[in-house]
Amino acid sequence: MGKYIAKRLGQAVVVLLIVTAIIFLLVNVAGDPTANMLPLDASEADRQAMREAMGLNRPLFIQYMDFLGKAIRGDFGNSYRYNLPAINLALQRMPVSLQLAGTALLFAVLFAIPLGILSAKFANSPFDLVVSSVSVLGRAMPNFWIGILLILLFAVNWKLFPVSGSGTAKHLVLPAMTLAIQSASQIIPLIRSNMLDVMQEDYIRTARSKGVGEGVITMVHAFKNALVPVVTVVALEIPGLIGGALITETIFAWPGLGQFLIQAINNRDMSVVQVCIFMISVITLFANLVADLVYCLIDPRIRY
Amino acid sequence: MQKKPGGRILRLLLQSYTGCVGLFIVTAMVVFAVFAKQIAPFEPNAMNPLEMLKPPAFCEGGSMKHLLGTDNLGHDIFSRIVYGTRVSIIIGVCSVLIAGFIGTAFGLVAGYFGGFADAVIMRVTDAFHAIPRTLLALVAVSVMSSGVTTLIIVIGVTGWITYARVVRSEVLALKNREFVKAAITVGTPDWRIILDHILPNVLSSVIVVSTLAVATSIIAESSLSFLGLGIQPPSISWGGMLSTGRSYIATNWWVATMPGIALTVTVLGIMFLGNWLRDVMDPHHTGSGS
Amino acid sequence: MDKLLQVEHLNTYFPIHDGRLHAVCDVSFHVNKGELLAIVGESGCGKSVTALSVIGLLPHRCKVESEGIFFEGSDIGGYSHSQMRRMRGKEISMIFQEPLTSLNPLFTIGFQLMETIRLHDDSGREKNREKALEILRKVEIARPEAILRSFPNELSGGMRQRVMIAIALVNHPKLIIADEPTTALDVTIQAQILALMKHLMAEYRTSIMFITHDLGVVAEVADRVLVMYAGQVVEEATVEELFREPMHPYTQGLMNSTIRIDQEEGMLPTIDGVVPTLAEMPDGCRFHPRCPHAKALCRSESPDVRSLGARRRVRCHMCGGVAALPAPG
């Protein structure tokens, strides 16, 4: 087990190195870092001087090592807009985003598990049909559109929740629901089909032969088995959740990492962009690692 | 005994209700995109200050002149939706071609050669998976010049990992099949084995992944355009229309809702067609189909 | 002898759009107290469905009809779901073919064993554990404490089947239905498990309904035998009678295709053809397409079960006469 964790951590470090390479190349090769630092009418000579000053005329690999060396120390440079270390700015916004993403994931799981189980239990009933249709719809709608619909219904029409902003629990509901609907739409059909498969297994028949009631069979014997693949998918959903959070935070003016990042992208504040991507990757990798560990805690057949 | 495969596929399609709906929607979309000029009643960018924010025909105050109403500049929403299909189709299809090519190539190499190449490719896929696709595309678009070509490249390049993973796992399974082992034993060069024996056998999976990837690419494009970093005016994108409509959500609901519905219906249609294709091409698949 | 279980005219079928598919057709039999009744037949002949009909474990879409399934005199065929649930694991329990898939992989042996105790005879955590340990010792499992904590994947096939037997036996049921309990095991393990079952059966005075396709196993353990073919009982006899004088051509065929120690060299005779599917039952006698003695009558008319003496029944137009025919092979 310890060996497995060590191996996975090693892999995660390699992956993070590749991530830094991607974000470095994105900013320094695909784009021109000086583009926004000089007035639009700056001459080519001025730009050249700027590049020289920033060390951009050195070989790319040297520049990358330089970037990497600083990044390891948590130094991604200053935000040129706020003139503060980018990493501090990003870390400030992080808790607000985690609050939103965490609530959303909780909502998603709380919705998806009972709905998935019930639609398997009553497979092909009108209830199942409704749940399946709604989850297909949820997968077909981009999350900004779900967000707008929720605003239209719950904020504009029924005035149950505020349109946007933050501060109270009520402000959290609509953005969290937006993200939760999207994730739940992925998880529900998975739980449903897993439950349907598991209920055909021999050990379910064994449980029945022991006189175990249907409720306990569904909730204990079958559900634990159906949950195993769900853990992986929930972990795989996390980048999607964070990606969705970027847009959701923008729509609902939720002052988290996502909103901050979108602003930074619009301002071409590349230090902030780089540090945000880096942090999001760390969170994703960590979540995947946790999912793997949970996986082997649930399933004794898996021993690494 | 030998029936035409086309006939068989058509018969299977007719058995699937959702498959039919999917095919219908996708066909309609293509017709809209090709004949946009003939179908749209107005120039999509024709402003009309006298007819701003008109509700759709089926609502109070609406008229048949503007079927789905007008936006804040008096653009006819129906016409804009019709023209918007062009962007969605072009970006959806072209970016998937790029993603499919890159991903399939990487998947073939990783699965067939294994070892170091496999390890490197898998770590790169992990890295791409660790960065949300929308985010990567956003940053890429923001540092490059905006435009349809950039969007196609960016959405394509950020979408290859699904292909790489699916193709790799199929190749790993194929490598243990007798015909591949036989080819290796008689000393067929690697590239011949990959092209002649492996590629044809992974193609059906690639096609299935591609259909669904068109749907996600369309969503990605609309997300970028919604955030103002994708398609720029005067080009028309449903994402951009939704972004405009968002400002009027409290007073004029249709401005955002109509392109939203168009987007949902399109994505649904492609998903239905894709799920049906998956069922036809992979009879062993035990999915959530009911 | 007292009858523990008596099944009268059992019919089990799957309703389909234009009628019914009968998996079990007019099957009657009984199990005496302390007796091991073997039900023999090729796969697809309805023996498992018969067993599952008795214990009420068929999928919901299957329908069971009978003129009574009497267990100790009361008709459990008419029991409600919850009444049946209270019977299962307590009065009637079951052992399945695949010990690998029949235990839940995500729960410890202890949980799965003690759950059965808790459901029917709960006497507190400690007492339940005692009982679990005791039954594990009875099925000859070494280090029962460690086994309670282990997961099914950590045990060998034979051990798992011992655990299954422990689960089935723990509440001292009056009837155990064993559905091919040794088929998936190695031959040596198979012999151990059979010996164990015989031994525990005597100790707990349990009756067993033993389903198998293997006449070798039948000869070893059974008291009485029911031969089934295509959803029907074709022959019933005590094990001695059956092996001394198999009457139904199908039984004869089965016996001829079993390896014997005195087997002469050459090909092992087999019964030509396969068990007909539910949808394509032949007219007349269901065995006639494969029967070496089939006559015109067999093709047109279905034979009834005829009693030949107190403990012997056979379903064949040539009953009695068949045995006189030269045995094939």
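We just call them A, B and C in the order they show up, numbering each chain from 1.
Going forward, a contact is a pair of C-beta atoms (placed from the backbone, for glycine too) under 8 Å apart; a residue touches a chain by one contact, two chains touch by 3 or more.
Just so it is clear, the structure is predicted and the values come from calculations on it, not from any experiment.
Shared contact partners of subunit B and subunit C are A.
Interface comparison, A-C versus A-B: the pair with the greater number of contacting C-beta pairs is A-B.
One simple way to say how far apart two chains are is to compare their mean CA positions; for subunit B and subunit C this gives 55 Å. Computed centre separation for the pair subunit A/subunit C is 54 angstrom, with centres defined by C-alpha atoms. Remark: subunit A and subunit B have CA centroids separated by 21 Å (rounded to whole angstrom). Chain contacts: subunit C has no residue touching two or more partner chains.
Contact residues on subunit A toward subunit B in their complex (touch as defined above): 11, 14-16, 18-19, 22-23, 26-27, 30-32, 123-124, 128-129, 132, 136-137, 139-142, 144-145, 148-149, 151-152, 156, 163, 189-190, 192-193, 197, 239-240, 242-244, 246-247, 250-251, 261-262, 265-266, 268, 270, 273, 277, 280-281, 284-285. In the complex of the two chains, the subunit A residues touching subunit C come out as 201-203, 205-213, 221, 224-225, 228, 298-301. Touching subunit A in their complex are the following residues of subunit C: 55, 57, 85-90, 93-94, 96, 98, 101-107, 115-116, 119-120, 151, 153-154, 164, 167-168. Of all residues in subunit B, those touching subunit A in their complex are 123-124, 126-136, 138-140, 142-144, 215, 219, 222-223, 226-229, 239, 242, 245-246, 249-250, 253, 256-257, 260, 263-264, 267-268, 271, 286-288, 290.
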